[in-house]
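Shared between the two complexes below is subunit A, which has subunit B as its partner in the first and subunit C in the second.
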Partner chain A sequence: MTGLFDRILAKEWSALAAAIIAGTIGLALTSPAFLTEFNLYVMLRSFCVVLVVAFAQMLTLAVGQLNLSIGALGGLVAVLVGGMMEKLGLPIPVAILAGLLVGAAGGLANGLLTVRTGINGFIITLATASAFTGINLGITESVPFYDMPAAFVAFGSARFSAFPYLLIPPVIVALALGLFLARTIPGRQLLAVGGNPHAAELSGIPKDRIVVLAHTLSGLLSAVGAILAVAQLGSAQPTIGADWLLMSFAAPIIGGAALTGGHISVASTALAVVLIVLIQNGMVLTQVDPYWVQFVLGALILAAVALNRARALRAERG
Partner chain B sequence: MQLSIEDIGKSFPGVTALDGVSFTIRPGEIHALMGENGAGKSTLIKIITGLYKPDRGRLTVDGKEVAFSSPRDAIAAGISAVHQERNLIPRFMVGENIVIERLPTRGGLIDYGAVHREARRFPDMIDPSIDTHTEVRRLSVAQMQIVEIAKALSLETSVLLLDEPTASITGHETEALFAVLRRLRDEGKAIVFVSHKLEEVVSICDRVTVLRDGRVAAAGEPIATMGRGRIVSAMIGREERVAEIGERRLAGAEPVLEARSIATSLGHRDVSFTLRKGEILGLYGLVGAGRTELARALIGDARILSGEVVLRGERVTIGSVPEAIRRHRLGYISEDRKAEGLILAHPIRSNIVIPIWRRIAGSLGLISRAAERRVAAPLAQRLEVKAPSIEQAVGKLSGGNQQKVSIAKWLAAGVDILIIDEPTVGIDIKTKTAIHELIGEITRSGVSVLLISSDMPEMITLADRILVMKDFSIRGEIENTRRYEAMSQAIMGHIHDGGDDEAKPREAGHG
Partner chain C sequence: MTLSATSEDRRNPLAGLLAENSNLIGLAAIIILFWIGFTSYAPGFVSSFNLFALSRSLAIDIVVGFSTMVVLATGGMNLAIGSIGVCAVMFAGWLMQEVGIPLPIALVAGLALGALLGFLNGFAIVRSGVNAFIITLASASLFLGAMLILSKAVTFNTLPPEVAAFGRMKWGFVSPLMVIALAIGAAMVVLFRFTALGREILAAGANARAAELSGVPVGRAIIVAHMLSGLLAAAAGLMLLFRLGAAMPSIGQDWLLPSFLAPVLGGTLLSGGYVSVIGTILGALLVTTIRSGLLVMQIGNFWLQLFLGLILLLAVMLDRYRSVHAERRSLGKRA
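For the complex of A and B:
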């Protein structure tokens, strides 16, 4: 039996799973409101957008890049989708599709600029972030679109027992991403480029195209996050995405992603989001000042990277 | 398939790397490509494999001109390569690495069963002990090299290019590789074999092309008629010269560094030796024997668990590298000059004075260039660092001159016990001799050297005594008679002693 235990300990998600279990038991014992159907529904609902946003960042981390424009692009997509439904009266599916296209196009622009100019993606996405926010504010002049179609808003709050319908798209995204990264050629090429760019290139993998693909998918997922956020809030706020950046890095990194690329995990990232949501919820239930959530998140990131570092050192000393 | 290189030229800012290079690689031959560092081999390989575009000239395959704009194109045209750098994805399994550029799919998804079946066919040729399900980062350096070769073989291309494929594998594995190469040659493949090891070239290659200073010094000459001597003189443009390290006077020299039965956190057991003043003590062993790791433990970069280290007659415990340098005047020159030894973007001047910044700083703790120059200039001159000035960035120097800067750095720090790890790896024959003479000279001035090397001729030229290390322990100690045949037999005797001569799989980090 110690063999099985050791094997579980060696898994990167073991610490996360232990923390989640401990947190759940702790909250269930101390806070009677925690296990109520409604609280579970609230938690699952706040899980949705964060998860997709974390995946969006995870894909750029996979190729050793990063995307600082995630939130700005999300905000832009949110107001465009809202505007198309409210001002232009476009049907919901058309508006969603257009929003996804804008997200993918924004990511494509990030990718092409990075690859073609050879400038570090940090600077490119810092610049495009500002540009996307500029377009957003130029269109809305900071005024949200409040008048969303009823069916769209209903989807955002509908639930079956504790299960929000809003959770369906993120779950589909997670499964698709898992399959994509583990079992498809572009998915493996993405991880290969992140793991050793030079080797990938010499093995005949079109490195630049893969980097562009990662950015494009990242943009697409930030659009998914934006549309979910509009449905969740019931209005298209220009400020959607403003608080995504920290979260988008926190979850993949807590989930063990290497900033140098090539090492990410869909499951661990999802577990990290569960942990973050659990902490946020726990602090609300125990009436801690919400500002301290930021502090705890920061501490959690530091603890996670320290743990990964210790694990790497141990493997090295063998 | 016949690959012709026709009048290829390639320049980089300030350097002509290749100038009018022409030769032909025929099917059914193993063609050696030789030349010193900087002769243009790497540039030529990069052109053949589609990484660089030539400025002029052309490549033809069976008489038809080809132009590659990426490695993909070269692979598609039937040319595959094993490059010098590690070219594997560390977190992917061995099997996936081998077939990475053509992963088999079923219904749009990768079929991992087929991946491993396909990959299995190739490591089998060389080493059946490697499981294709292992993650590459868990392999030893030698095993990674084997996977690289298997990957290139698996492409079943008509032209196979191997750049120093034996640099990190054992003699046993080299023999297995050669058997595979001979078979592929007999099947009609064209193989280009790049190596610094003359013995290997002579034993396996049919013809040889030698590059010197970007030009062809010998084009496709049969090895049999060319012979060792003419290959070397084609490479260096004159006859080979063995380093003169001068008369050794060590009788009665006192011990300066003694290890008494030490065990380390890296896995060494019962290691004992004595280094005397002014001596060059050789530490020979194959890749993975634990030599670099021993050096790390001695300079305080890994823990010594038991036993004693005695420095200049006093028992010491060295806790960190700065302590080794400042308090104990004990320095280490890494085999990886570029990654661990030097700051490439900085000038020679500041690289030399890094360890003594504190000492040369003025009253306010400020460092002046003039003070740096006062220390660095005479050393650079004494060691004959070849550069327009000591303000030249170290990254722009040749490997040999970088090594001289490394040595100058430690001499500046007043270090008088120096551990030098593979001092001439990747350095051309001409400069190699100069480095050897330099090491001889510094020991005559009282510096003691622990010399780590896998280069047998180097060891026999330089060392006064030779320790043989294997599996993290000392297997023998031999007084160097400088008679090559007898010495190399004695050394290999200690290595093969105990039967098992294969490198054991190790966790990453034991190089």
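For the complex of A and C:
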């Protein structure tokens, strides 16, 4: 029973790719607006933030941790970057750099707290998420910063045909992340720690330092996502990140990441984000009630979990 | 590490009892300090109006905390509490307003829906063997989405007048909702202290494999815990329905943090096997006190989130250092 079909089925991305192809064909046939240049641009643009946010969660999943504070930290970075540009008049690169530093520092705090106290990362990041949101709301009192520099906003909406310039940073992040995980020593150590922390420690990998590294990178990426979101929206909203939680877990898990760590894929996660964006776009085009997005995302995660489970059982038996 | 702390407790029940009570005593002391502080800086804090408002939200916070506590007992968690709560509220609201079903039957139906959704969670977790975190994250989205699709996010606000009247009712300066919350608390104590079912849930959380080998139906215990969690989430939602006088689709969306705060501040272990009912009540009291105090002092909602986050961090770290310290001390004694 090891035909071609079974072999394709065994590949993690097969179901994803099939779903994406089927969805694309279906939408192209049913909705004439789907394949227009403008719609492709809209889709690619909404792809950017979700992709980076998914990578932020993927890195903590890689070491068997999780990060509930991605959205809260993203929201904080968004208003800080916006505030620095609007109220302090700092140049764009300085504000971006400061924002990235805050993101990395937030992630570092998560990592150090988790490792030093030995407390479950769930509860640590639940607490820091609340703290980050508190600082965000305390600073802004829920009022957004609207007055962003023209060049910054222009970058968020500029495009070459259907290709938004906003997509450049996420693509760089994806390539860098792929290289980091596949070719560098810390990247390999990261996966080793997630796969089997005990074995990794016995073979001399500084486990705690790697967990802190994963959290720091996760914070850094949530800052990247936040800055992209500000550029995309054209204003620094305190609510940025409030709806990232489900999305950040959905994409890596639909992409086949194991919650127990050690098993992640940059390409599969990216494909999962494509699928999510495709579904959202399809719902807008076919004028389905937007509440269905919530429902479908939940169902998709459960389906992915069930599929992974079935695949694992099959591999065991085979 | 927490596991070794529990086995320590078991070997030396007296030390375990003392450690447990020192946690509760410390928590009570912190609450008293906050009450003294708020009363002296903001006299409005102990006005009968504010105490009534405080008792109403405390009652709901306690039940929300219990809802998480029963699944923490199995070492699991339930992120779908808010979604289950709002589903129960909207279902009961729809039954009363659109179908014209009397209040008591609608309440029972809402509770039954909560238990059913909790059962689905537990069933999916046990059958798939997948982490409770991911199952309930997905089901939270699924339940909320289904509720929004069916209700079109419309509030039911022409409910029978008894609903709002009960919410406004005062016994002295406390709300009768508080009595309901304490009655549920008493039922929790009975469940975990005196029934085989409660013992099974705790055993499944303390060490699933050992429990299974000694004949405890672990899968059933986990499913029952999730059913109870769903039932309690529905109860908390319906209590909020009385307080608000309307069934709103936004109910429950801010329950995640408080649902963990109350049991974790109260000393319930995240790894399972140990719960503290009184601790959960005190934890909820601390959260409600701080929220109400900041409101009365007009610091408002904006900084509240930061305070709650820091308090949670502080509480878990203190707990951690205390258990490490206790372990060291007992090691020293043995040597």
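Just so we're on the same page, the second predicted complex is superposed on the first by the 310 of 318 C-alpha atoms of A that agree within 3 Å, B and C clash if a C-alpha of one lies under 4 Å from a C-alpha of the other, contacts with A are read in each partner's own complex, and residues count from 1 in each chain.
Operating definition for what follows: a contact is a pair of C-beta atoms (placed from the backbone, for glycine too) under 8 Å apart; a residue touches a chain by one contact, two chains touch by 3 or more.
What you see is a predicted model, and the numbers here were worked out from it, not measured in a lab.
By the touch criterion defined above, A:A192 reaches subunit B but does not reach subunit C.
Of the two partner chains, subunit B is the only one touched by A:R183; subunit C is not. Residue contacts after overlaying the shared chain place A:G118 against subunit C, while subunit B stays out of touching range. With both complexes placed on chain A, subunit A has more residues touched by C than by the other of subunit B and subunit C.
Applying the stated contact rule after C-alpha superposition, one finds that A:T133 touches subunit C and leaves subunit B untouched.
Applying the stated contact rule after C-alpha superposition, one finds that A:A306 touches subunit C and leaves subunit B untouched.
When both complexes are overlaid on chain A, the residue A:G204 reaches subunit B alone and has no touch with subunit C. Taken together, the two structures place no residue of subunit A in contact with subunit B in one case and with subunit C in the other.
Within the complex, the subunit C residues that touch subunit A are 1, 77, 124, 128-131, 133-135, 137-146, 148-149, 152-153, 256-257, 260, 264, 270-271, 301-310, 312-313, 316-317, 320.
In the complex of the two chains, the subunit B residues touching subunit A come out as 49, 51, 70-72, 75-76, 81, 83, 85-92, 96, 100-101, 103, 105, 108-110, 151, 265-266, 506-510. The touching residues of subunit A, counted against subunit B in their complex, run 179, 182-185, 188, 191-192, 195-196, 198-206, 262-263, 315-318. Against subunit C, in their complex, subunit A makes its touches with residues 66, 113, 117-120, 122-124, 126-135, 137-138, 141-142, 245-246, 249, 253, 259, 289, 291-299, 301-302, 305-306, 309.
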